[in-house]
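Paired with chain B in one complex and with chain C in the other, chain A is shared by the two complexes that follow.
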Partner chain A sequence: MRGTKILVVCIYILFLMLPIYWLLNMSFKTTNEILGGFSWYPQEFTLESYKTIFTDPTWYSGYINSLKYVLMNTVISVSLALPAAYAFSRYRFMGDKHLFFWLLSNRMAPPAIFVLPFVELYSAMNLFDTSLAVALAHCLFNIPLAVWILEGFMSGVPREIDETAYIDGYSFPRFFVKIFMPLIAAGIGVTAFFCFMFSWVEMLLAKNLTSVAAKPIVAVMTRTASTAGYELGLLAAAGALTLIPGVIVIWFVRKHIAKGFALGRV
Partner chain B sequence: MLELSGVSKRVGRDNHISDVSLTFERGSINVLLGPTLAGKTTLMRLMAGLDKPTGGEIRIDGKSVVGLPVRKRNVAMVYQQFINYPGFTVYENIASPMRLAKVDRATLDRKVKEAARILKLEPYLDRMPLELSGGQQQRTAIARALVKGAELVLLDEPLANLDYKLREELRVELPRIFAETGAVFVYATTEPQEALLLGGHTATMSEGRITQFGNTIDVYNRPADLSTAQIFSDPPLNVVNVTKRGRELTFGEISLGQASDTSLTDDRYVAAVRPHHLSLVPGGRHSVAVTATVGTSEITGSETFIHVSVGGNRWVVLTQGVHRVNSGEVITVYMDPATLYLFTEQGMLVQAPEFAGIGG
Partner chain C sequence: MIIRSWGIVMITKTINQKAWLLVLPVLLVVSLNAIIPLMTVVNYSIQDTFSPGVFFFEGTKWYQEVLSSPRFHSALGRQLLYTGIILLIEIPLGVAVALAMPRKGPWVSVCLVLMALPLLIPWNVVGAMWNIFALPDIGLLGYGLNWLGFDYNYTQQPLAAWFTIILMDVWHWTSLVVLLAYAGLSSIPDAYFQAAKIDGAGSFAVFRYIQLPKMKRVLIIALLLRFMDSFMVYTEPFVLTGGGPGNSTTFLSIDLVKAAIGEFNLGIAAAMSILYFLMTLLVCWVFYTVMMRGEDS
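Then we have the complex of A and B:
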């Protein structure tokens, strides 16, 4: 019985890991070998693709640009969502439930419909082709998500703690930073993780709001062919590198994610 | 001195607190007694300044504090739930109000240690609140309220979630601890016994109103009306509608003996007797026998609660000793008419037992 269980788990993991293995496999092959035929592992092991990415500015600047707007977006989303989530969690005001739902419904709209207005708006405000433009555009779906997740964590903190702090003489900002934020640190971590990931993988808005100066890696990667013909090895290497930030972030928040799931908000 | 005059709190269409007027002196112990949802917590929140009243005035030493935010007031509050800052050690939890008041380090340390000693928290000062037992957590919250030296100390059923032994212990110590600080001490509870143990003054609450406020013993002995008497009785007061004709009190065919006040007009009244004034054995020559059918009985410690039906009214008999009575059995219950309370049909007290102290 135990043996069967382990076998099932192994097959499952194998199944999940296969595409990722194939990506890594390809990234160490030359393009000719990839196009040449089928092989389980690189016949001619090469780091040439990685070398190109780290030395060619058109490639590595893609990563830098992406990281720039992703980090900007994460900071903006979390810092704006914190007070908003607090309000939703602690106060009753006119239309609070509708507003909360409306925030969520923003996530249901396909980003494609926002592309045209955003391009127009950002061009008019001279923000087109900047990291800030993408960071702000991603707030559209990340802030609602952040508010949603944080509200769940905040509602888990008894309101009496807030009141005890006021009775003790804390001012609101001081209470919020010194007492409240440490209490929901796990929630902030999980929220930041999701903002980071959604912003990192989003392509449509990122691609259309930039042209040259702030071109993100996801946009660079869509360039399947260049003057040198197909560059599949290079693409595979870029793909493999794109996975790394996600892996790092997951490593940091893996414990808290479970808590987020337990609260039913993630 | 804390004064409430005509304080009310409306939420939507509901009156959570209606027209409450109370005066609490400095250094006094005041009990808010009432069942759950009577408005005790709401009233305390108004006193603390956590909520604003929708009507009336709240004054401390003659000055209105209605508009004053809670952090500018000198109050301390302990909740029924054990509320501490989970991220701070017990030491920092206790020290928190003094840190904000910028008390110098030596004084702060001395006060924290002193409070810890009084509340027996000395071994736990370096621990986190969540590593402590419920009783220790609540003592931490109480210690924090103590060190603040607040002029108004509000305790909202602080012992309700504690185990029996700890309750007994703290119940005796709490008033003594806070009496020394000279604060206005307000204690909310649902339990009449707790009010009697704390002494001082008691305000009985029902549905957002104060039904009576006065010396605890007086309120117990001479409740102004039926609802006060009911709030201040555990197990519940035995109530029956009676008719007075001549001196004779009857309900249905059953006689409850004679009213002690001869000046009372013949009318319909509500008679009430406390469960411990009923007995299974005749006690004295005036004792009246009433036939009752046993519903259930519970034995707690050395006492027996017998739930009976008397002419369709549900009564409770509290007797000393462990008795075995079977469900459905017909028993004779004895009572002394002198222990009867009589209320008008509107619920106003017209006769209290003679032994009940008057005044003072």
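Then we have the complex of A and C:
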């Protein structure tokens, strides 16, 4: 029984790792070798592709642009969602349930629907081709998600804590920052992780809301593929590098991630 | 920190209309992103244009056209088939893997981090990765399948393209179900298992009467998330097959973007958008109502 369990987990993880191994494998090959035929590991190991990415500004600025809007979005989503989630977890007010469902319904809206109107809207606001435009656009699905997760965490904190703090003479903002936020620190971490993740992986909006100045790495990759022919080695290295931010972020929240799902409403 | 007990939410809320002030910032930002663009789409969906800035009211013409077009029907059919298949694979597989995970120890973190990895890869990289991984001459999957004697080439055979897209989605998203189911499982107190052991319950009985009921809520959430996301899937299949060969893997989103940007059929695309959104909304509303009812009782 124990043996089969370990086997199931191992096979599943192996299945997950194979495509990732193939990506890494290709990133250390030259494009000629990749196209030349099938091989399990690089015959002529090269770091040329990585060198190109780190020295060519059109490549590495793509990573910087992506990180810029992802971080902006995470900060905006979490800081706006905090008070809203508090309201949903502590108070009843007119239309609260409808509002909550309306918020969630935006998480359900297919981004493909919004591509054209978003381009028009952000052009009209003079924000087209800025990181802020992408950061704000990603709020469409990240804010509802953030409210949803944070509300679950906040509902796990007993009300008596709020009441005691008010009796002790704390004002609402001071109570919120000094007492309440440390109590749900794990929840804030998990929420930030999810906002980071969904903003980092999205590409349809990010690509269409930018053209030159704020072009994200995902767009740099597709454009390179179409203009310079298929430089597969370079593309593989660029793809492999997009794994790194995710790995770093998940390492920080690894202790909380399962708990985040259990406590939060996600 | 007091952990909220499952199923029973013991929080009493006070009525306070000032809570609207706390919700206001979220409301403003989401409205900017949701209401204005949605109204633009509604506008397009009931008008026609011959030159920029000149619009004619068309009423429900585009809706009738979309609803009666075989192209929309077949895209919708493919979409439903795809969503159905991946839900049937991912939910049971995710639960099985979660049940097989160790409950404590140093390996838990390692497993969770490795499993979460596919979730953190940008969607077009996922598509591009699988595009090469599945090529018959240089990709591990395609080469392997042909080596095993299958005639497999996803760029030409519709069936192979479907197989590849579904395998990719299973690879990409099953971990989300695993994480959710695992979270549900780890909230079960050890005492339950000890009691079951004393009663002499077999492992199937433990699953049926302890683990499954405790996972019910997270599984509904997993189903909801996987439904929404697979129903609006765009980037991964588009990068992998571009909707082909032929139209065999053209799902709703791909068809929509084709109509809107490729053919610049704004009216048709907008009417499709609205119908598409309404369908998702309807299914999610049903799920949400069921979920909330389960929570109240």
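We take it that the second predicted complex is superposed on the first by the 251 of 266 C-alpha atoms of A that agree within 3 Å, B and C clash if a C-alpha of one lies under 4 Å from a C-alpha of the other, contacts with A are read in each partner's own complex, and residues count from 1 in each chain.
Heads up, the rule we're going with is that a contact is a pair of C-beta atoms (placed from the backbone, for glycine too) under 8 Å apart; a residue touches a chain by one contact, two chains touch by 3 or more.
Treat the numbers as computed from the prediction; the structure is a model and nothing was measured.
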Three-chain arrangement built on chain A, chain B and chain C clash or fit: fit
Touching partner for A:S171 - first (chain B), second (chain C), both, neither: first
Which of chain B and chain C A:P182 touches, first, second, both or neither: first
Which of chain B and chain C A:V220 touches, first, second, both or neither: neither
Contacts of A:P144 with chain B and chain C, given as first, second, both or neither: second
Comparison of chain B and chain C by chain A residues contacted: C
Touched partner set for A:E163, first chain B, second chain C, both or neither: first
Which of chain B and chain C A:A237 touches, first, second, both or neither: neither
Partner chain in contact with A:A192 - chain B first, chain C second, else both or neither: neither
Superposed arrangement, angle subtended at the Cα centre of chain A by chain B and chain C, nearest 10 degrees: 80
Superposition-derived minimum Cα distance between chain C and chain B (Å): 6
Chain B/chain C common contact set on chain A: 158, 183
Partner chain A, residues of chain B touching it in the complex: 48, 50, 69-71, 75-77, 79, 81, 83-87, 96-97, 100-101, 141, 144, 148
Touching residues (chain side chain C, partner chain A) in the complex: 1-4, 9, 11-20, 22-23, 25-27, 29-30, 32-34, 36-38, 40-41, 96-97, 99-102, 108-109, 111-125, 128-130, 132-133, 137-141, 143, 171, 174-175, 179-180, 182-184, 186-187, 203, 218, 221, 225, 228, 231-232, 234-235, 252-253, 256-257, 260-261, 266, 269, 273, 276-277, 280-281, 284-285, 288
List of chain A residues in touch with chain B within their complex: 158, 160-161, 163-171, 179, 182-183
Chain A - residues contacting chain C, complex: 1, 4-6, 8-9, 12-13, 15-20, 22-23, 26, 34-35, 37-38, 76, 80-81, 83-84, 86-94, 96, 99, 101, 103-118, 120-121, 136-137, 139-140, 143-144, 147, 155-159, 183, 197, 200-204, 217-218, 221-222, 225, 232, 235-236, 239, 242-243, 245-247, 249-251, 254-255, 257-263, 265-266
